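Step one of this worksheet: look at the structure below.
Read from first to last, the chains carry the letters A, B, C and D; within each, the first residue is number 1.
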Amino acid sequence: MSYQKLFDSKISTEAAKAWRAQGKKAVGTICCHVPDEIIRAAGILPVRMRATDCVDSSSGEVWMSTFSCSFARSILQYWMDGVYDLDGIVASDGCMMPSRVFDNAEYIDKKNGKNRFFYQIGAPRIVNDMTLSYYVDELKELIERLEKFSGVKVTDEALKEYIAKYNEARVLVQQVAELRKADNPVINGQDFSSIILAYTDYPIEEYIEMLKEFLADAKNRKPYTEQRARLMIIGSALDDPGYLKIVEDKGGIFVADALCFGTRAFPGQLEVDDKDVLGSIAKYYLERLVCPRMMDDRATLHEYIINTAKEYKVDGIIYEKMQYCECWGGESVLLEDELKEAGIPLLTVEREEHLANAGQLAIRAEAFIEMIEK
Amino acid sequence: MAEIEKVDYWRWTESNWRNPEIADVTGCLLTAGVDIGSTSTQAVVLADGVPFVYSNMRTGNNSPDSAINAMNWALKDTGLKTEDIEYTIGTGYGRVNVPFSNKNVTEITCHARGANYIYGPTIRTILDMGGQDCKAIHCDEKGAVTSFMMNDKCAAGTGRGMEVIANLLAVRVEDIGELSFKVDEEPDPVSSTCVIFAKSEATKLMREGWTKEKVLAAYCHAMALRVVRLLERNGMEPDFAITGGIAKNMGVVKRIERIMNVKALEPTMDTQIAGAVGAALIAKDLVEKKRAKA
Amino acid sequence: MITAGIDCGSQNTKGAIMKDGKVIAQAMQATEFDADLAAKNVYEKMLKDAGITKEDVEKLVITGVGRDMIKWGDNEINEVGAAARGARFVDPACETVIDMGADSCRVIRLNQDGTVMKYEVNDKCASGAGTFIETMARALQISTEEMGDYSLRHTKELATNAQCVVFAESEVISLIHAKEKIEDIAYGVHMGIANRIASMIRRVGLTDTLVMIGGPAYNKGLVSCMSKVFERDIKVLDNNQFVSAYGAAIYAAEK
Amino acid sequence: MAKDTRLEDAVLRGEMSIVDFCCEKVNGQIERMKERNPDLLWTLEIQRAMWEMFRDGHKNGKKVIWFGGPVPVDLIVAFDCVPVYLDTVPIRLSPNPVLAARFIDAAEKYVPNSMCGIDKVELGMTLLNQFGPEPDAFVYSSVPCDSSRIAYPNMDMILTKKGTPCFAFDTPFRRDERGIQYLVDQTKRFISWMEELTGTKFDQEKYNEVCKKTNRTFEWQGKCAELRMRKPCPLPGRMLVLNGTSNAMSGFDAMGDLLEKEYEVGEMLYELGMGPCPEGEKHRVALLQNMLWSSAGTMDWLEREYNTVAVMDAFGFQYGDIYEHIGDLEDCLRVMARKMQNNPMIHGASGPSENFIYLVDKIFENYEPDVSMFIGHIGCKHTWASAKMVTDMIQEKYGIPSLYIDVDGIDGRYKSLDEIKASVADYMDTVVNK
């Protein structure tokens, strides 16, 4: 097995197929407050759903209307089209759009008499002791449901086993991200994005192996040297390296990000308190920095963006907003001024899941690069 | 059965120009900028950084040809050939299709630089209104871009829409501005600036008995409102100027000024050539930098 | 009983005269600025062709987006109602009607008794209607009528993305520069439209039979792309541009 | 005669506050009403009471507290503070597109234009600092609505910079027992926070008084709602707008008085066999989303032209909870928590779609409309994303198809009243009246 799979951003269903072929269950997951450790401990394979390469989302549009985020709508399309052949969905209420993907998927499923497994975790948007205990209760209920569904008891031992594995992956991803700090990094934005996307499709063990192989080989890779500007990308869910390619073809190189499908998904380590394993999981997932869905850590998010930009010696930030994405769309109110203060140039662009007007992005990116290149 | 176009009211006048004060350019550093826009193509040649000749014509269906034609037309009667130019920069949406260019640079960077030259170093906000898009650009005293914003996805409120209306009402684009002020009272803007719907809306208004002038006023008004939003978003910092083809349409310009309560600087040359001038200036800088290094 | 219907569309004004459930005359003319005049001309021509006078016509009903401009009809009916009646008249079995005009597209789902169950209208962006195709044809330097044949001869499944008419026009031009074949580009344009109206059709519910009326229905390339997207035949009615005018005349005969 | 727009112009120039504008406007309306239609004066009194209370809050030595989303308003009132329900601002400004536009445009400088107009106006008003009296605090919640979840925290950050204290509730996504307890726990913290803010102790007696008033409001509101179930419906569709205000003002006598009066008048009309439709009620329509704030005229027109009355809208529909054991704090807090969860449209038909479907089902069951319209406010994308499930349910269970149109309930520039009417008319002519 080679690590080449890391660089194929297409949705791969082979791992899930193989898993299910053994008579085990696999579920789709949506959003950032679904702890994979728990799902694995219940003997179930989590597959983080995405919409890469979805060209036509008209069925999704029928259910979610044109006034919906096309990333979410395209996931529903893939679900309806059977691109993801899974045993159910576990979601957390990130923003309203994935919640509606969940609702519609469940509704359509019932209508078609399928009755697969559906559970939505209510994840708090404020971090304090009270909200943490609410989240713990929500996770307890998830565990009960999962146990019933898979017939596997979720034990502290199993949870710890998977926490260790996911922690290992976190370390490895952070090491990959470190590579981007070099003046002439051996991976560009497209590469990194593909590596992160691969995580969604494969069991964690397989992913860890691929990362290790890649890291061992990394120094043999040819560094990128032609770049005119170092960029960071932030904004709405982005699961399409093709988007980054357009910008990198114009001479930029992405060296950092603050994206759902990016470094931000693998921060730090999940510290286990042996006396309260579930509580440790809840604490990690609730406290880690996610996105503007959280109401009280915007300042930290902004700080993270600015610090990362500095740490990775970024010349400018590209802020992509999905159309109808309020979550990220509204973040500019204070962020714009803060970036200005920090002296970091910013380019804001609108986009849709399906890359329709590549030319328009290209011209903006090129002009931005001309503006910031040294 | 090909379509027979009756009179092309949208066809604005093409032009070329030669600086009467420069008789001889031997020994001068010649740099050029060629701006292939969606609608128009300009070629500008600078002699030691001073405009020497330029041409301004419509972009044909083939960008490389447009570039060559524009350049030839500009150089006509000067005795110069394309090869005599030291360094050429292509810009505009067809910038990669300038066969004889040494480099290409986006029209955003070029327009800022060009505006800085045309309007002087106090210029801070530039609104470039072209055939298919609109850009609000900020720049510093050197004409370097500090931020910019463009219209997205929808071409509503661009020159192309104006051309459709011109054709529909049988009014030359050049005359739209003046006619649009021949109304007793400013009508409400048309509700849709979509190229297609504006046409049907204008048709509907005509059917309801509106005069051409009133329809034009309503359309210019709508277009001004649309770009003003872009300007507001990017922030307005004087001095302010408008470049691109629509800058010649006073019907839109005056309305923008009124809504924003600002005065745009008076252009000293053809506003459509700002991009090409900028490109030629950047070409000059590059040559000088190279020479200094050598 | 003799009744008449006039459909004053944004591009064309169409009329029909019916006698006891049969069409005895029909005519069409470009609407241009004077809808009233166009309708008058159409009406007079039809009367002449049918060899009757105004007095013979019991009732005249006007429909279409320009119907407000015509004050001399006996009654009016909106476009949805007219299209529904007309389509049922021409094809008694039809369940869903796609009515595409120059600027607009409507999808109408009928009840068993021919009344309207639900419908969808696109009135925000012209990207799914006749003018879009016309503009692309112009960019390809072929006539609108030829678009269909070119598209049917495509050899490659080219995809075009831009929605906006204007951007689509430049996309087409860059495809020409990229040496793509006109046939394939035409196909890409039609496929794009078919995909865009797909969700309208799905929203009213996909039925076994789909019929298409209005000028663009003459475009075989477009129709074939729609068949492909929905995996079923799209029926194109005879005289499809006149169907709504029939509907208006039929409405005139009701009650 | 040209319309007098001096007040509007002053607001547009930033010289007049929103609160002063609304007070002047409402007083002007009252003066005119006195001459023309003194019988209807009662319909305006609540407006006057509310806006003047906002305006004079500081003068009367009270703290002015902004609130957004489901929060325990009764407690704010019990602490003798002035509760300002922010949504009343966009709804009040929306009939005038130019005014609403000032605040919408201010917000759109930063946020996408797809954001809900309600939240854009609120954010814009905060950015321009033009409400009037500076708020002494801001209380909000994480309503399951993306637009407000973005607008409120941004407003929080802007206000916090100025030193204004803010309190945020975390609204649970699902409605269940766990959620109720969660809200009760948070409310307890809120009480301590209010004590600190006001420097006074929580006063059970005062709270009991407010509970009584609130109960009265919701009892009358329930009765008015029952009136609407009768056939013919004696109350005009336009009055559905009031349901929004009732939430904000439920703890005040004025609201109870208004609803009592509304009920009396409605009962009288019903006795007389009269109603808003000139030729008698032919159809009754349920609005599956919110009231058309910016174009409420559509309702009058439907009554006049089609003898069709709007009996209920999904965002105003309440099955108001009543305090059963006033004096028992724990129990009252639970009722309040339930209200916060059930409130259909303090940005409501949100949370899981099943709640929305359930709510609409109840409307159809109780009000028996024969026409269904999803006149969808485009900002409210999460209701749009449930719309098909809801309308499918109506079609299957009640055999009624639904009209869909997109409007902007706040920004009248999106679609004019005439355009909306034309779409509704087409539907009434082709589908309803066949």
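List of remarks:
The criterion applied here is as follows: a contact is a pair of C-beta atoms (placed from the backbone, for glycine too) under 8 Å apart; a residue touches a chain by one contact, two chains touch by 3 or more.
None of these values were measured; they are calculated from a predicted model.
Seen from the C-alpha centroid of chain D, the farthest chain centroid is that of B. Between C-D and A-B, more contacting C-beta pairs join the chains of A-B. Chain A and chain B have CA centres that are 42 Å apart. Note on chain placement: the centre of chain B and the centre of chain D lie 48 Å apart, centres being C-alpha means.
Centroid to centroid, with C-alpha atoms defining each point, chain B and chain C lie 38 Å apart. Taken residue by residue, chain D touches two or more other chains at 388, 406, whereas all remaining positions touch fewer. Shared interface positions of chain C, defined as residues touching 2 or more other chains, are 163, 167, 170, 203.
Counting partner chains per residue, chain B shows two or more touched chains at residues 93, 153. Chain-to-chain contact here is organised exhaustively, every possible pair of chains being in touch.
The touching residues of chain C, counted against chain B in their complex, run 10, 31, 33-36, 65-66, 69, 103, 125-126, 129, 131-132, 135, 138, 141-143, 145-146, 163-167, 170, 173, 176-177.
Chain B meets chain C in the complex at residues 1-3, 38, 61-63, 93, 97, 132, 153-155, 158, 160-161, 194-197, 199-200, 203-204, 206-208.
The touching residues of chain A, counted against chain C in their complex, run 55-56, 58-59, 61-62, 66, 354-360.
Interface residues of chain D facing chain C in the complex, by the touch rule stated above, are 388, 401-402, 404, 406, 423, 425-426, 429-431, 434. The part of chain C that touches chain A in the complex is made up of residues 159, 161-163, 167, 170-171, 174, 195-196, 198-199, 202-203.
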